[in-house]
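Right, I'll just put the structure down here and ask away after.
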Amino acid sequence: MANLRSKLFTYLDPEAWPEGGISPLNKAVLAFIGLSIVAAILESEPTLKQEFPQGFYALNAVFAVLFLAEYLARLWAMGEDPRYAGVLGRIRFACTFTSLIDLAVVLGLWVDIIFGIHGVYGVVLRLVRVLRVFSLARNSDWAAAIFLLGRAIRDRRRELCLSLGLAMIILLVSATLLFVVEGPTQPEAFGSIPRAMWWAMATLTTVGYGDVYPVTVIGRLMAGISAITSIAIVAMPTGIMAAAFSDTFQQMRGGPR
Amino acid sequence: MANLRSKLFTYLDPEAWPEGGISPLNKAVLAFIGLSIVAAILESEPTLKQEFPQGFYALNAVFAVLFLAEYLARLWAMGEDPRYAGVLGRIRFACTFTSLIDLAVVLGLWVDIIFGIHGVYGVVLRLVRVLRVFSLARNSDWAAAIFLLGRAIRDRRRELCLSLGLAMIILLVSATLLFVVEGPTQPEAFGSIPRAMWWAMATLTTVGYGDVYPVTVIGRLMAGISAITSIAIVAMPTGIMAAAFSDTFQQMRGGPR
Amino acid sequence: MANLRSKLFTYLDPEAWPEGGISPLNKAVLAFIGLSIVAAILESEPTLKQEFPQGFYALNAVFAVLFLAEYLARLWAMGEDPRYAGVLGRIRFACTFTSLIDLAVVLGLWVDIIFGIHGVYGVVLRLVRVLRVFSLARNSDWAAAIFLLGRAIRDRRRELCLSLGLAMIILLVSATLLFVVEGPTQPEAFGSIPRAMWWAMATLTTVGYGDVYPVTVIGRLMAGISAITSIAIVAMPTGIMAAAFSDTFQQMRGGPR
Amino acid sequence: MANLRSKLFTYLDPEAWPEGGISPLNKAVLAFIGLSIVAAILESEPTLKQEFPQGFYALNAVFAVLFLAEYLARLWAMGEDPRYAGVLGRIRFACTFTSLIDLAVVLGLWVDIIFGIHGVYGVVLRLVRVLRVFSLARNSDWAAAIFLLGRAIRDRRRELCLSLGLAMIILLVSATLLFVVEGPTQPEAFGSIPRAMWWAMATLTTVGYGDVYPVTVIGRLMAGISAITSIAIVAMPTGIMAAAFSDTFQQMRGGPR
C-alpha cells in the first residue's frame, strides 16, 4: 500500500518524475483535459448538442468520474511529501492554488451533470479546465517556450507600449478624418469618432470586412492616403511580437541571444 | 507670495522642473487634457450626447474652469522668467505660439459652454486641445521617441518619395487595366480611371472591402495577376516606415545606429 | 531494332539521360502532362464543357492514345535495364510504384473516353496525372528546389509546430471571447465556439471576407483588441515558412547556409 | 539664328545638357506631359467630362499646340547633331523610335481634337503620352533607381519564377480542394476549378473581397487550413520583390551591395 502510494506520487506530482519532463500518467491526464476541452467546444454548438444530448451528458459524466478519481488519488498520494503528510497536511495541500483550481473543475463538472448549466455560462465554466493544463504541463518544452516568449515580450515592453500608443493615435487620427469628411453622408457608420474607429480598425489592420467604407470622393481619397501611410504604424505591435517570437525560437535552438 | 510664484514657476514651466522630465503638476494638466479629449471623442457620439446632455455640459464646464485657472496661473508665474517680467512681459508671453494655442483652447471651451457649438465643427474645435500636449510633454520619453522617429523618416525621405511614387504608378497601371477590361461591364465601379483607383487601392493594400470587384473572367484574371505582382510595391512605403521605426527603437535602447 | 530500343531507353528513363537533367523526349511528355492538366481544369468549368463537348472528348482521346503509346514504349525500352529484362522483368517493372501510377493514369483516360466519368470524381481522376510529374521531373532544378525546401521546412518543424499550436490557441481564445460577448446578439454567426472560429480565422489572417463581423460595441472593442494583438501570432507559421523559402533560395544560389 | 538653334539643342536634347540631369526646358515639357496625363485620367470620368466638355476640349487643344511646337522645335534643333543635319538627317531623326512615339502622341492629340475619340480607346490613346516620359527623363535619379530596380529583379529571376510557380501550384491545390468540398453546395462560386481560383486568389493574397466564401463546415475547415498554411507561399513573390527594392535603395545610398 505504501509502495503503491510512493509510486503514484512519482507519477502524479509534476515535479517528482525522476526522468524529467512529464510522467506518462500526467500525459494521460493532460490528454483527458484536452479531450474534455474539445468536447466543451463542440458542446457549445447548439445543432450538435441537440442531436447528441445523451452523448454529451455521458461524456461529461465520464470526465466527472475520472477527474474526481484523479483529484482523490492526488490528495492521497501527496502524503508522500512531508509538507502534506497527515490529515492537516492534506487540508493544507487542498488549499494550495492549483488544488483549488482542480477542486473547482471537479465541482463544476458535478454541478453540471447534476443540475445542468446552460448557455454561455456553462461553456465558460467548462473551459475553466484549461487552467489545469498550466500546473500539470509546467515541465514541458511548451512551458519553456512560453516562458522564453514571455521574457522576450517583457524585454520589449517599452517598444510595445510606444507602438501600441502610436497605433492608437493613428487609428484616432484616421477615424477623426473620416468622421469629418464622411460623417455627414453616412451618419450610421461615420457619424461619431467611436463609430469611425471601427472602420479605422478594420482598414488599418487590412482586415477590411466591408460592412463600412467611405462612398464620397473626398472620403475615399482620405481613406486611401490614410491606408497607404498608416498600415505600417498599426502593424508595428505585430512586428515587435514577431521579433519576440523569432528571438524565442533562436534561444530554443540554443543559438546566441 | 513671491515664494509661491517661484514654486509655481518650477512646477508649471516645462523646462524649469529641476529633476528633468515632466513636473507632477504638468502631469496632472496632461491627464486633464487627455480626459477632456476622451470626453470630446465620446461627446461626438450622438446616442451618448442625447442620453447625458447635462453630464457632458458639466464636464465641459469643469474643464473650462480648470484650463482658465491653469492659463492664468501660468501667466502669473511666468513673471519669474526675466524675459516675461512685468505687464509688458506678460503680454509678450501671451503672444508666444504655445500661449496663443492655450488661449484658443480656453476661449473655445468658454464659447462652447456659453453658446454651444454643434456638429462636426464642435468636435474638431474640442480636439484642438491635443495641440497643447506637444508643448507640455516636450521633455518626455515619448517626445524623444517621436523626435527620433521623425529623424529616421527624414533620413529615408528619398526612398519614401520613390516608393510612394512607384506605388502611385502601380495603382494607376492596375486601375487603368481594370478600367479597360472591366469598365464596359461595370460602369458604376470601373467606368473611369479615378473610379477604378478605389478598387486598386482596396486590393493592393489587401484591405479588400468587397464593395467593388471584377466579375468578368478577363477582369478577374487581370485582378489576380496585378494583385500577386503588385502588392509588394504598394507595401514598400509601409516597409520603409517599419524600418524607420525599428531604427528608432534600436536607438532608444542605446544600441549602435 | 536493338539500337532503337537502346536509344529510346536513354530518352525515356529519367535517370539514363547522359547529359543530366531531363531528356528532350521526357520534356515533351511533361509538356503533354501539363497540357492535359490544363485541359482537365478547363473541362471542370461547365459552361466550357457544354460549349465544346466534342473538343474536350477529342482532346482526351488524343491524350489517351499518346499516354498509352508512351506507356508501351517505356515498357518495351526498359528491357535495356538488366533488372527489367524479359517478360518477367517487364512484369516486375510494371509493378513498380511509378509504373502503377502511369498505368492508373492511362486506364483512367481510357475509362473516361469509353464510359465517361462526370462531376467532381471525373475532375479528380483527371488531376491524378499530376503525380506523373514527380517521377519524370525528378532530375530538374525544380525538384532540387523542392527537395531543399522540404529540408528547410523539416529543420524548422519544432518552431512550426509550436507556432501552429500558438496560432490555434489564439484563434480559440479570440473565438471564445467573441462567442461570449457577441453570441447572444448574433446566434447565427457567433452562437458557438466553432462558429466564432470562422470569424476568428477570417479576421486574424486579415482575409476579412465580411460575411460575419461583430455589431455590438463591446464585440467590436474585443474584435479590435484581439486583431491588433493577435495578427502577429497567427502570422507566425507564415513567417517561418517564409524563412524556410529564403534559406532555400540562398542555398540554390550557392551562398553560405 | 544658328546661336538660337545651338542653345535650343542643349536645352532640348536629353543628353546635351552640360550640367547633367534634365534641362529646365525638358523639365517643363515633362511637367506638361504629367499635366496632360492627369487631364486624361480626369477626362475618363464621365461626370467630369459631361460637366466641363469645353474645358477638356480647350485643355487638349492647348496640349496639341504645345506638343506640336515642341516636336517641330526638336526637329529643327536636332540639325546641330551631325548625324541629323540637313533634310535627310531630319528624316533620319524623325524615324528614330523616340521621335516616332513623339509623332504618334502629337498626331493622336490632333486627331482627338479634330474628330474626337470617345470611350475606352480615347482614354488609352491619351495615356500613350506616358511613353514620352521614358525618353525625356532618362538622365534623372528616378531613371537610375528604376534601372537598378530592374537589375535587382533580373538578378532574382530564378527565385521569382520558382516562387510564382509555387504560388500558382498552391492556388491550384487550394482551388481544387474547395471545388471538391464546396462545389456541390455553391455551384455558382465553386462549381469548377477556374471559378474556385478566384476565391483562392482573393483568400491567399488576404484581400478577401467577400463576394465568395465557403459556407459548409468542411469547406470552412479546408479554407482555414489552406489559408494559414499557404498565405506565406503566395506572399513569396511579394517578398522577393521587396528584397529587390531594399537592395536597390541600399545601392542608391551608396552602401555596399
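In order of appearance the chains are A, B, C and D, and numbering begins at 1 in each one.
Everything below uses one rule, namely that a residue touches a chain if its C-beta (ideal position, glycine included) is under 8 Å from a C-beta of that chain, and two chains touch if they have at least 3 such contacts.
Owing to the predicted nature of the structure, the values given are computational and were not obtained by experimental measurement.
Of all chains, the one whose Cα centroid sits at the greatest distance from that of chain C is B.
Sharing over half of its contact pairs with B-D by residue number, the repeated interface among C-D, B-C or A-D is C-D.
Interface of chain A with chain C: the two copies contact each other largely through different residue positions, with under half of all numbers used appearing on both sides.
One inter-chain figure worth recording: chain C and chain D are separated by 34 Å, centre to centre, where each centre is the mean of the chain's CA atoms. In terms of their C-alpha centroids, the spacing between chain B and chain C amounts to 48 Å.
Rounded to whole angstrom, the centroid-to-centroid distance between chain A and chain B, based on C-alpha atoms, equals 34 Å. With touch defined as above, residues shared between interfaces to two or more other chains in chain D number as follows: 194, 202, 206-210, 235, 239-240.
Per the touch definition, chain C reaches chain D in the complex via residues 41-42, 44-46, 120, 123-124, 127, 142, 145, 164, 167, 194, 197-198, 201-202, 205-211, 234-235, 237-242, 245-246, 249, 252.
By the touch criterion given at the top, residues 206-210 of chain C touch chain B in their complex.
Across the interface of their complex, chain B is touched by residues 158-159, 162-163, 165, 172, 176, 179-180, 183-184, 187, 191-195, 202-203, 206-210, 213, 217, 220, 223-224, 227-229, 231-233, 235-236, 239-240 of chain A.
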